[in-house]
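Listed below are the structures to be examined.
Below are two complexes that have chain A in common, paired first with chain B and then with chain C.
After this line comes the complex of A and B, so read on.
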């Protein structure tokens, strides 16, 4: 379990990791078999990226750095996918375009 | 028949509605526990599954904000981090409903204690989700929201709003709640009148009520005369809204065609997202306090510069008047405003405070001077009482300009004007002839002329901006400005009220700054004045 793939990304979203982005992040995390954890600091504490309760409880703000790590068969692609989601600002523009 | 009772709360969504009252009890009905952990566990799992199914079916028709709120609740109900603690309490012998309530309430506390408005507002979503499961456990599968009624409760969950039948109208009156809650957002988008923060609403014996969302008023058991009055007002409001809408994108003019410069008051950058700068002649008052939030670090120069620049870019060539930090009085900021003042409205507020805190003031002036290159910026100083305060501000601005030039920063010296809100200035405006412009702050001017605190309900009837003494001072300032080529405008709430416009025009004002929501109705009312 000590073989972690890790990465970090800055949250650009206006109100940080709030309900809508957290729902997207946990949904995406659940599509991977690996254990995936996130934290507001490279030293942890690490929390389960598949739990919306825990992700929301981080209260990660705009411009804070999100540290990601994963362990398991699909760890590398899990970390890439989650970092991509945060980098694309949770696809908010696309979502708005679709609903508008 | 009960006597009428009037309650005053905070406006959350405009509109008038009269109808029967429907009290919502927040607690779920009693449930008989089985005493067997296995049965309780099954009941719990079933209730959660039914709650998820109920939310999923609501999702099919929901859009935007509502759909997102539902998705959030579903995600919570699918999270073992939330379900496991409840299941483990059940395994220890707790009844399912108590175990669930205890688990979710522990989570809710974390949200309610947050210093972030956004997270605090999510507590309502968690309560909604909690009660949805509790209702399933006690066999009540729907809310009892009556169609065409005024729903009264402590706080209404968003899902209740979505499930309720609004086809016959209706309204919401809450003893608690917040204008920034999900329900308030939904109510505004649906045009459902809503008032929050009414305090204890004594339900006993009342069957009917009138609500006025715009003024935050709830009248329980209105009598015949009140009902006629409100029904007339509601009819007028509807007709008026239709007529007003026709004026929105036209320039503001009096009956004779003469042009009125109509500006808007804004308090935050997010307000601009829904506003068309073509509907007004610029920003007459930008309250910079939104950048200075209590309990948050002070905004640095760069952050302020970026924020001010956004307003200027939105306005294009049109003027943008930004008021320097106006805190103190009823707007305290810990660590910045003095503590323990016996009479804060007569204490260290506005310019009095910023001159004491030169570090904070200079940072703001630097950000303003730098932003000024991006448009037509004017700086306005609040609570000026004597000329030396303006002179000191001008000296600081000179110093800021010299520093910026030396540092090679691009900057421009904006015109420097004052708020006229202290009677000393309104009585003797010639003492402040050095100001580049005057903007009358009628709210504070009224408070100081009438000696009635703005936040004191017991003297609210004295706070009349149309009192002849206040109007005479407005006229005095307008005349002095006209005779000495100093532009004069008015940016207090009275300019947004059509009933006061005739007096303001008669007082000689030709520039008004109003709330964005009132642009159409002010233009419509001005067109009737000749």
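After this line comes the complex of A and C, so read on.
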């Protein structure tokens, strides 16, 4: 039923999808109208990328793969933007990451 | 006032340091766009909370979309309730006290508020953290 745009990206951030990265990912997801979901596995379970509580509860670790999918008018740019954020290590310096 | 399209967040702790530190976390993690007020300590500067300070913090964080208050222990909640009762009647209905841990709840609530969520959604997000 849903037409998903999908992608995946390896989390290189040294503390994984921790507090600050989670907030950044959630905030970015909220800027898109599409339904956006993330998972630690291609089979799911999928969680709402716009839910800060659920994203933080995922506790995705360094070197784990984050699967992204989106459905809606801006799905393709949403997936690209989120993958980009993870690839750029959440735009954080390594110095800040340790406390993140 | 700016940022009136986002629910405001108020942090009420017994400790001025906890209140300020929690506000710092919200500012650094979520940003400057969410209206924010905080207070801690009794009028003498010791541990405690103070209705007048809470009212001032609500004013600072005021948004027409509403204000969500995060509190720590007992007196923070009862004094916050008292402060809400002292607001103008039309403001009272736009202020909620969240049943959530103060630090985590403030960051989660602010993140949800940042995205333009309603007061009820902001409260629900903070309260998702509470023990089930």
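In the analysis below, the second predicted complex is superposed on the first by the 92 of 100 C-alpha atoms of A that agree within 3 Å, B and C clash if a C-alpha of one lies under 4 Å from a C-alpha of the other, contacts with A are read in each partner's own complex, and residues count from 1 in each chain.
Keep in mind that, in the parts below, a contact is a pair of C-beta atoms (placed from the backbone, for glycine too) under 8 Å apart; a residue touches a chain by one contact, two chains touch by 3 or more.
Small disclaimer: the values here were computed from a predicted structure and weren't measured.
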item: Superposed partners chain B and chain C on chain A - clash or fit; value: clash
item: Which superposed partner A:27 touches (first chain B, second chain C, both, neither); value: both
item: Chain B versus chain C as contact partner of A:89, first or second or both or neither; value: neither
item: Which partner, chain B or chain C, touches more chain A residues; value: B
item: First, second, both or neither for A:48, with chain B first and chain C second; value: first
item: Which of chain B and chain C A:74 touches, first, second, both or neither; value: neither
item: Partner chain in contact with A:59 - chain B first, chain C second, else both or neither; value: first
item: Which of chain B and chain C A:15 touches, first, second, both or neither; value: first
item: From 8-16, 116-124 or 134-142, the chain B stretch with C-alpha clashes against chain C; value: 134-142
item: Shared chain A surface residues [contacts with chain B and with chain C]; value: 19-20, 23, 26-27, 51-53, 56
item: Chain A to chain B touching residues, read off their complex; value: 15, 18-20, 22-23, 26-27, 48, 51-54, 56-57, 59, 61, 99
item: Footprint of chain C on chain A - complex, ascending; value: 19-20, 23, 26-27, 30, 50-53, 56
item: Contact set on chain C toward chain A in their complex; value: 29-31, 107-108, 111-112, 114-116, 125, 128-129
item: Footprint of chain A on chain B - complex, ascending; value: 63-64, 67-69, 71-72, 75-76, 79-82, 107, 110, 114, 116, 118-119, 122, 125
